[in-house]
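What follows are several structures.
One chain, chain A, appears in both complexes that follow, with chain B as partner in the first and chain C in the second.
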Partner chain A sequence: MKEFDIRKDGHEEIMVTDCLGERYIGCGMKDGVMHIKGTPGNALASYLDGGTVYVDGNAQDAAADTMNAGLLAIKGSAGDALAYGMRGGRVYVLGDAGYRAGVHMKAYEDKKSILVIGGRAGSFLGEYLAGGIIIVLGLGCEGKSITGYFCGNGMYAGTIYLRTDKVPLNLSDKLIRRNVSDEEKDRILRPIIADYASVFSISAEDCLKGSFIAIEADRSKSYSQLYAAV
Partner chain B sequence: MKKEGEVRISSGCAISGIFCRDGRRITGEAIKKSIAVMHNRSNGLGGGFAAYGIYPQYKDYFALHIFYESQAAREETERFLDKRFDIINLSKIPVRQTPKISDAPLIWRYFITPLPHLLQDSQLDEDEYTSRATIRINDSIGGAYVVSCGKDMGVFKAVGYPEDVADFYRIEEYEGYSWTAHGRYPTNTPGWWAGSHPFSLLDLTVVHNGEISSYDANRRAVEMYGYSCNLLTDTEVITYILDYLTRKQGLSLKECSEVIAAPFWTTISIKDEEERKRLSYLRKMFSSFLITGPFSILVGFRGGMMALNDRLKLRSLVAAEKGNTVYFSSEEAAIRVIEEEPDRIWAPRGGEAMIVTLDKEAEL
Partner chain C sequence: MRRYRIRKDESCVSCLRCVSECSFGAIEKGKDRTLVFHHDKCTDCQRCVSFCPTGAIYITEDENRFRQNSVFREDDIREILLQAETGGVLLSSMGASGKSVPIYFDKLLLNASQVTNPSIDPLREPMETAVFLGQRPEEVQRDQSGRIVDNLPPHLELRTPIMFSAMSYGAISLNVHKALAAAAEKLGTYWNTGEGGLHESLYPYKENTIVQVASGRFGVHGTYLNTAAAIEIKIGQGAKPGIGGHLTGKKIIGDVSKTRMVPEGLDAISPAPHHDIYSIEDLAQLVMSIKEATHYTKPVIVKAAAVHNIAPIASGIARSGADIISIDGYRGGTGAAPKRIRDNVGIPIELAIAAVDQRLREERIRDRVSIIASGGIRNSSDAVKAIALGADAVSIGTAALCALGCHICASCHTGRCAWGLATQDPKLTERLDPEKGAERLVNLVNAWTREIKEIMGGMGINSIEALRGNRMALRGVDLNAKELEVLGIGYAGE
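Let's look at the complex of A and B:
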């Protein structure tokens, strides 16, 4: 077997097979493409700083933790604490996400975190959200609730888009919910969804079908000014 | 050597469980393989297994697994048992020497049944009679710890990594329909033999990943009802709470889950009226048994298993099914290693108890 340092030897495309719980795969990767088969362990693509990580199956907890740039695309579902404190780049999940997806995601100047979840998300989605965009499509969950409890609690910037007309359960009164206009859908959601759909080879139109609601911090409520001027 | 603060040990306990709904008995090899995948979640300071259906030839007798720190403790305990029980069989539990497990106590197994006239005079049922006796041994005989005392089940635990503990106890030689496992990373308390998981009382066992911030409140509450927390760890109290709520208060395990991982009042307030009343009653009536802090637990009991997360789901828990077999684990990889293609794999929600029991046709 030949051993090499995947960071130094400059392989552009890497295939990692038979994963079974190994942690930190793709951690801090700056460029190139990595394909993962099996079940990668916790902290997959954490601190990802460029390049692309494709996962064929499910990811465990804390994927894309503090990710900075690049793309993590998960064909299955993600565990808890997905994209925690993410600062930039794109995380696409075709299936569901566990609890606490997108907690304290951020945006700064040209860095804008984008998290798209194809199925449903667990409780505490986008808690303390500080910037960026979270989209939950609820594909195959039509008519059902696509988020859990405490969606967006404590968020003070950024936007959560949900493809549903149902207000999340016990939504905080510090948040506002609005229906997304066709103009906003075309301007903000369409380019992101087109990219998302092409990554998984699915129909963008199916993902855009129906109405979306948006959840944002209520700027008239005092604590939206506590952490950052918005 | 690196000092504390200079090295990060990325750990957190691991739990795993396998349950055969058809009552099929499997050896301990599968559970060992599963928990070993999560080696890095523990730090070698505790591992253990609970197995059900392993003593069919003695299934009507209480099986006591006991650790002794000295021969004197053993003699005193045997005198204590001899006065109160018929000892049908006693032996050392067979172990395999391995350099990875050291400082073992004396490990003995007894199959016992209460002396009929004493049981009658006590006006207790045999479960209560036996549980009181074991609590008394743990509480009052220095250097003796009853590790498990249920029927047709047993707990095998030690200080070490779980896969090494499995080799030490030769768990591949036992066959059970239900297995739980634990890899320990002790945070607040020492890693010692009796403090490893599972914890048990009668046929109830608990393995736990997490940390109970309500420990002292829970301990005070449960000690009012005759329990005694001796094992220097927070998980012990979960075992006693569940024993109290099921055996003495007659709650179902689902109701227990709604007591220890009670939904928030804001969550209760959006339920329909009947459910609101029921959940409010459980929260108010048994408020001292609310467990706060992160946890995921597997509870083994005769004929079944329950998996439960704290209501915020602050620890991971994955469930899967394949045919008649149900799997629970801290990580999906620990299930995939023994069942590559489950029929269904999912993450239960926080506070949502997953309870599996033997099919009606399954014979015990």
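Let's look at the complex of A and C:
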């Protein structure tokens, strides 16, 4: 079998099989496509910088950490601290996400972070959100809460969309919750969901069925008002 | 609230230079080229005094004092009044002003050679001030033919044990960054971007740049990580341990916005913890993922504030795979921090360095990491003492700003710095010529380096390596037994 260094020798498409907890896979990957079968370890696709990583299984903690561009698609569920500090690209999870998903995601000019979670998300979803879009679909969880506690706490930009009509548990009074209009659904959610559905070969219409609520920061309650300069 | 009083004497020629220099609106032009003083706006930054062509201006503490009380001092009353009026958390800048916390550097005395061993004259004999920061291999490896295998992990090479501390673009101006970068290059040392990203125009200084990854992850991307000699994970800083950062949207304009990759006018918030680091194991993971992303070519620094348990924390950091630990003490500066935190949290750098060095030696892992000390290093003898207590190198922030004009008025958080340093106002930032600034920084560090050589020579030591952790070179005065024990030094005369 020929051995080669994927960092130095370059690659277009890589298949990793029997993956069992190996960490830092796809870290900083700039281009090409990687397919992973099994369960990759922590820090999968951290600093991902344009490459595409498909996981046919679950991911562990800190996947897509500080990701910059590209696509991470996880066919199973993701662990804690998914997409922390992500600044661009797409993270798609078909199953659930653990605690602290999408904390401090950002957007800047053409870089917009997009995180879509097919199932439910744990507590602290989108805390400190500074930009970008988080969508939680709660597929197969109809009637249940699809987020945990402290959803969006401390967020100051960006939007969290939830496919539910239930208000998240203990939602902060510094956040605004509103119902998403059909127009907004078509304009913002439909293109993202269409892409998401095509990646996992599922029906986009099923993902868009029902009502969505949006959570955003209340700009009139900014941090600056907390201080008095000595 | 009035704190200072502005006066002028008869030598004033009404040139109005002071009016154009004052960025706080404390001196205004009145009718017929007279001056109107708004004493309450004065910060005692000394800009007008420095630029008055006839030396006509005087800034003094206001003689009108609150009634003296030995419990409720003037600042206490002033702050209560301010908070009663605004309901705000007190915001301050620069380093701690806790007056009753000792500056241990001032209580340490250095040794010198007399009779029993010769001192060295640095003008005649070679004196090594170069320092290498990074992990040292635990054993010498040889190949089959007996040749030594180069198993040295990536290092930073400093020609002098003095670096520039992390100060972010946003907190300080681009011109200050330019001056620091150019000076670091000339001096063969390093400057640190802080967490506000690295402006593209500074990419050429890559070999002398340390980039920071803080909890906000602003401007952190592949190019950023790879446009540096080393990467620093910022856990905390001495001025505000345990507290995140908040750069107000007002300062996020133009290139600051572009460099941080934060939209204009939007606040930039750094959460208090990194939410992907809740343990030493998580830290190890971030260290290793950064090494992965930079192909194991650069050392990783972990910067933490000196807090009560800094010794075991440093032990954890040393075991996390980090190459260098940067410890920032109680007196470390900041562009903005809640005053109560700045003045009451953390421990002095002298005690922290001694405790960490001792602990890592006891655990036999001192060579796994290098230590950078910062937080109130004011001169070359502070640097020598910090190294003798166990640091490999020191870094200076406030002292570097002073070299560029700062008079420590501690108004950085207002964004109106009259010296053009801690501001983004283009009219103010142009007050610093980055080339001249770089020259002044080079002068400062060269002067300190010469003094360090002289001090070492007097002790009969000819390399920083031999000074590091050499506590025999130190004695204390005015210290109690516990302080001497923590510092690991004897009393003067012992």
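The rule is short, and it goes like this: the second predicted complex is superposed on the first by the 223 of 230 C-alpha atoms of A that agree within 3 Å, B and C clash if a C-alpha of one lies under 4 Å from a C-alpha of the other, contacts with A are read in each partner's own complex, and residues count from 1 in each chain.
Here is the rule we use: a contact is a pair of C-beta atoms (placed from the backbone, for glycine too) under 8 Å apart; a residue touches a chain by one contact, two chains touch by 3 or more.
Model, not experiment: these values are computed from the prediction.
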For this session: Determine, under the contact definition given at the top, whether A:Q60 touches first (chain B), second (chain C), both, or neither.
Result: first
For this session: Have a look at where A:G154 lands relative to chain B and chain C in the superposition and call it first, second, both or neither.
Result: second
Exercise. Looking at chain A, does chain B or chain C touch a larger number of its residues?
Worked result: C
Exercise. Which holds for A:E127: it touches chain B only (first), chain C only (second), both, or neither?
Worked result: second
Exercise. Thinking of the overlay built on chain A, is A:G98 touched by chain B (first), by chain C (second), by both, or by neither?
Worked result: first
Exercise. What is the contact status of A:R23 with respect to chain B (first) and chain C (second): first, second, both, or neither?
Worked result: both
For this session: Classify the contacts of A:E216 with the two partner chains as first (chain B alone), second (chain C alone), both, or neither.
Result: neither
Exercise. In the superposed arrangement, does A:N42 touch chain B (first), chain C (second), both or neither?
Worked result: both
Exercise. Where on chain A do chain B and chain C both make contact?
Worked result: 23, 42, 61, 124
Problem set entry | Sites on chain C touched by chain A in the complex | 78-79, 82-83, 85-92, 213, 215-217, 220-222, 225, 246, 248-249, 261-263, 266-269, 271, 274-276, 282, 285-286, 288-290, 292-295, 338-339, 413-414
Seminar exercise, completed: Touching chain B in the complex, chain A uses residues 19-21, 23, 38-39, 41-42, 58, 60-61, 77, 79-80, 98-99, 122-124, 148-149, 169-170
Seminar exercise, completed: In their shared complex, chain A is touched by residues of chain B numbered 10, 37-38, 40, 264, 266-267, 269-270, 312-313, 316, 318, 331-334, 336-337, 345, 347, 349-350
Problem set entry | List of chain A residues in touch with chain C within their complex | 7, 23-24, 27-28, 30, 42-43, 46-47, 49, 61-62, 65-66, 68, 81, 84-85, 87, 100, 103-104, 106-109, 111, 124, 127-128, 130-131, 154, 156-157, 222-230
